[in-house]
Amino acid sequence: MSLSGLGLEPLPAGVLETLGRASTASITSELFKLGIRHSFMTGVDPLESNTRMVGEAVTLRYLPFREDLNALQPSSLPEHPQRKTIDNIEKGGILVIDARGSLRSGTLGEILMARLKARGAAGMVTDGAIRDVEGIRGVGLPTYIGGVHASASNTVHYAADAYVPIQCGGVTIIPGDVLVGDSDGVVVIPRKYAAQIADQAVYHDDIEVYIYERITGGDSLIGVYPPNEQTVRDYESSKKNR
Amino acid sequence: MSLSGLGLEPLPAGVLETLGRASTASITSELFKLGIRHSFMTGVDPLESNTRMVGEAVTLRYLPFREDLNALQPSSLPEHPQRKTIDNIEKGGILVIDARGSLRSGTLGEILMARLKARGAAGMVTDGAIRDVEGIRGVGLPTYIGGVHASASNTVHYAADAYVPIQCGGVTIIPGDVLVGDSDGVVVIPRKYAAQIADQAVYHDDIEVYIYERITGGDSLIGVYPPNEQTVRDYESSKKNR
Amino acid sequence: MSLSGLGLEPLPAGVLETLGRASTASITSELFKLGIRHSFMTGVDPLESNTRMVGEAVTLRYLPFREDLNALQPSSLPEHPQRKTIDNIEKGGILVIDARGSLRSGTLGEILMARLKARGAAGMVTDGAIRDVEGIRGVGLPTYIGGVHASASNTVHYAADAYVPIQCGGVTIIPGDVLVGDSDGVVVIPRKYAAQIADQAVYHDDIEVYIYERITGGDSLIGVYPPNEQTVRDYESSKKNR
Amino acid sequence: MSLSGLGLEPLPAGVLETLGRASTASITSELFKLGIRHSFMTGVDPLESNTRMVGEAVTLRYLPFREDLNALQPSSLPEHPQRKTIDNIEKGGILVIDARGSLRSGTLGEILMARLKARGAAGMVTDGAIRDVEGIRGVGLPTYIGGVHASASNTVHYAADAYVPIQCGGVTIIPGDVLVGDSDGVVVIPRKYAAQIADQAVYHDDIEVYIYERITGGDSLIGVYPPNEQTVRDYESSKKNR
Amino acid sequence: MSLSGLGLEPLPAGVLETLGRASTASITSELFKLGIRHSFMTGVDPLESNTRMVGEAVTLRYLPFREDLNALQPSSLPEHPQRKTIDNIEKGGILVIDARGSLRSGTLGEILMARLKARGAAGMVTDGAIRDVEGIRGVGLPTYIGGVHASASNTVHYAADAYVPIQCGGVTIIPGDVLVGDSDGVVVIPRKYAAQIADQAVYHDDIEVYIYERITGGDSLIGVYPPNEQTVRDYESSKKNR
Amino acid sequence: MSLSGLGLEPLPAGVLETLGRASTASITSELFKLGIRHSFMTGVDPLESNTRMVGEAVTLRYLPFREDLNALQPSSLPEHPQRKTIDNIEKGGILVIDARGSLRSGTLGEILMARLKARGAAGMVTDGAIRDVEGIRGVGLPTYIGGVHASASNTVHYAADAYVPIQCGGVTIIPGDVLVGDSDGVVVIPRKYAAQIADQAVYHDDIEVYIYERITGGDSLIGVYPPNEQTVRDYESSKKNR
């Protein structure tokens, strides 16, 4: 990940692994407890069901296409923002493209996805569309998208810059933020909260497994979900006995 | 279904079973003949393909989140509208949630779905989103949704009341109306028309099977679809010979 | 295809076959080089994954339902625009319905699809919805749609005319234009460019297979994608050696 | 109006004058009684407040811009659909442009409006945008629009054909239909109903003036609005005494 | 206002008068400080510029039109929800109609507005459209709307119930909440906060007048807006000297 | 304008004055001739009719509100992007705010507008909303907006950065681009084309005045609009004779 040039504090060991076991529903709820209300992208769906993704955000910003600007910035040059972010992404990086939610052209296709894969990227996320969708399925990288459209990006988009704050799916992302994806979609975790959220979300998921079993077994919701103090104690005991 | 407290006339025996064999396309067409033009929900899709659902509507109404109201109404209390409708739903009831078409948060997740299942509910329908989608697939209850979003409902929604008229997917639903779902989506049948529509829709489906065979066999549409009097007579004869 | 009455120049032999091997992403890019920026339909998705479709456009235009007009035009008459286009479609024709992007009713169902199939049509495309989706899957004709809705078309649509220029998915289609569909969706090729585009798109796809292998093998994007002159020469050599 | 070539039955004498005194609210209500539910354009507003307009529809249809088609159809030629409809419009004609509701470019500007005025047209209506809005105010022709945008139409639109059925603001218009505009917007009256609706709408407006006075004077709505039989009798008496 | 039947605590004397001098911008900011983030209606604009409105909410809820329900509920009956709320509104009440943001029909016209005026209502608010807009201007009651459409409400709406919690413009309103309108639009104040907000908003407006003068006089924003402690002290002194 | 720090080439003398006399319709058409198709903002309207504006773009970028980021960036600090751009704007600068088209909160109010005025700014443009609209009218600076909303910006927006490329109303703006506004709205002129476009647009407007007179005098459009060679010669002669 070319974020290495940005001088970010490394994440504590094991945080990404822990988050990789947490659900986006629990992470979103734990962020809400910290006062962060909007952390989950709207309108950005997994390309394949049962996808799991975790990694650090590498951001790319598209603006509306403008013929004079595009002429100055051929994608053959190494400093073209799209080529630069993709060609140099580091292991564990996730490319996130702000496409302003436009679904009227693709943002990238299978060749660029193949380069992300070859570099060891952990995924690709955009609130725009992708092209060559069958080819992209073949690449096998976790992919979250707004839709599919075969037109090349330069019909609608101009790749303006990279490694800057962006929005995607209505959520703000700072380079280096941690992204977690599952079948629901993608949640953005501010980098400084990643470790704290990891532990809380795993606990949250675990007690919900216990509650789910209680409910499946016929218990009423009342007192159990949300759990009252007794239910939390019962859960803690059950954990010891596992 | 806690509709039992509403003093509704019971449906005639066998009506739900008959409707369970009818397609939503035929039901919608038969309701149109009765002058009801808009009975099918727009933007509410089955979570799983090949889903079939039939049951009586139990309604829950969400309004936009407002911090002062939410504080007064913790979801831990039995009278919380969401908990009340779910915890007490009766066999054959279908929970229908008016989420005003907002897809910016979930309306419920797998634990509440598990409770619906444990109570014998016949399904869950919302024009909002659900969270924990993999978990909900695991519950195995017929589910019709506007989308998927991992945020908890209280990011966007306030559960205002229950057992009242609502809209869902642009259609008005009165508690006790009959809902039928198939792969196309969900149709709302006014309770008083349920028996009449059941018979007509099954007839409608049956003659369409006959017409489909004629068309597949090479017949022109003209005179056959829509069927003229001769085609109806031919269908009636063919039925006797089956 | 009833386009035979329109006096169009026949397509050169083999053009449709060649286009049947090309991707919509490459076709869209080649049309862009000819100055045609918007050729790919937005919001029109394949009903089934891995669909392939190629054929000539037969157009049908819907306008908003108006009760007085509908009464004058029963669908039982041979000259009804929907019945006329479907009943008489010729081998290789693709029915394209301009539904103004409305997803609030179906445009057709399984019986009309069965007639298209029986006539040898190559596919059906609409930016509206279809009804009887399970039945339509059973017909097995390539189908590209905006959505699914069980209401019959006359809830929302009036079939105004046929064999005229229309829009579908935001793209203009002239009767006889060539449509190609794959998993990305549907591209419209002006009839007079079909032969030229066919050759260019197949070349485009072929060099992208070569580039994909280079990238998968670890090459940087720079110089390879987009290919510089050396990369093009390397590709040409590799072709000779295959 | 170049509709004279279409062989329409002339409207009975005085119908346009009568409709010129009726409100669109009453016309819409009277059309509803005839079973026509959607006759009033949505999203098409008067450019100036206190505008009144009545005339016969001359239709012009735009489709999405396509570079190859535009090159074949320069607007300098007399047969260009936009120039043809505008240059030849007859006295009392209203140009109605189907712009598919797109507000991303203008459909025409002040010079074309000046030509409409010089020809004696009764107005201009579009669900797209206009350009040169100050100039158009200066022309002084009744104008109903979706919005304002300075780009020329060929950024987004291709003028496909004229004198055909179209939609505008979600309502279908047949050439020769009667359009009435006031401060609320524009209603479409099927030509054959124009005379009948004219009389009913004027009566409707007149009794509402009577009811308005009763309500302003302190009467309850009940029995008065909607008027029961007694109220209708009272109105009829009051008319005699005027 | 027929809210008198709901048993609400009366508002402290002078609260409505104080709020009548406050701007919606300041009220919204003060509610934000209490944790209420969404209190201002989106897409609901004053019909006339320089409108001021203050009063207590009387709520009316529309649902999508359904032919069978409408037949059961003629608007001639006193218990029809729309007639009931309007006919019986009390002095200072503001009718607020939840029209689900639909602009495809009117919600009411000049006669019903005249009745509101005659009863002493303080205003009318809807996120739907109104009809007879010129007539409504003539009535002269403060009016906040989503748009204008000449169709009667029963083309699109069914008046479901009254005096219940609703949404309007994306904000939840409880009967008896205080509504304040100015040229920006309408803010909803939870009834229990009305007195507290009134004082704070008037203070907020007052200090902003002081700040505005400082800025107009050439001061930098820094330290002045938002005001630091010194600026607040300077404001307090200036007040004494007025 | 704090653009002075960006090292831009000064505009040739008189360019802004010349552009100040040109219409946005002509400028947009001349940019189209240079290959720039999308230069005019969609959905950004003048607050007051008959507004004229010309100046150089100072850009400010908003992203979706995120509680943790907002806490780090109090608007009391001089380096806050919104305060920085406004407090330091130079004479002739136009503040342009990318609000992602969101109309669910204000972007600024009258005090910040007063500071822009005091600094000699030439205008303010946003595709978001403003608050304190009456106060802003009082400031008297040319203002182009997406709408009006009384909530403060931090309900929905986070001021992310300044002096960077942005979009507004669907058009890309580079700091230092020239903006021209009239009653139609706002056009963006790439800085390097400003001088060339100024001359062409003034010529364009001038010949259109001539054409307008011809059309008003009864001439047909054909040969006159668009002008053929003879019409251009006639215009040139008429100019000499003026």
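Just so it is clear, A, B, C, D, E and F label the chains in written order, and each chain counts residues from 1 on its own.
The working rule: a residue touches a chain if its C-beta (ideal position, glycine included) is under 8 Å from a C-beta of that chain, and two chains touch if they have at least 3 such contacts.
Quick caveat: nothing in here was measured; it's all calculated off a predicted structure.
Looking at chain B and chain E, not one chain touches each of them. Note on connectivity: the fewest steps through touching chains from chain A to chain C is 1. Residues touching across the chain A-chain B interface largely differ between the two copies, under half of the numbers being common to both. Chain D maps onto chain E through a rotation of 120 degrees [Cα fit, steps of 5, range 0 to 180]. The most distant chain from chain C, with centres taken as the mean of CA atoms, is E. By residue number, more than half of the contact pairs of E-F reappear in one of the listed pairs A-C, B-E or C-D, namely A-C.
Averaging Cα coordinates per chain places chain A and chain F 36 Å apart.
Between the Cα centres of chain B and chain C there is a gap of 33 Å.
Between chain A and chain E the centroid-to-centroid distance comes to 40 Å (mean Cα coordinates, whole Å).
Counting partner chains per residue, chain E shows two or more touched chains at residues 37-39, 170.
Inter-chain contacts occur between A-B, A-C, A-F, B-C, B-E, C-D, D-E, D-F, E-F.
Chain F meets chain D in the complex at residues 23-25, 27-29, 32, 37-40, 42-43, 45, 50, 170, 182-185, 187, 208, 211-212, 215-218, 220-223, 225-226, 228.
Against chain A, the residues of chain F that register as touching in their complex are 34-39, 63-69, 100, 158, 160-161, 164-167, 170-172, 174, 190, 192-193. Here chain E touches chain D in the complex through residues 75-78, 83, 86-87, 103-104, 106, 109-112, 114-115, 117-118, 131-135, 148-152, 155, going by the rule given at the top.
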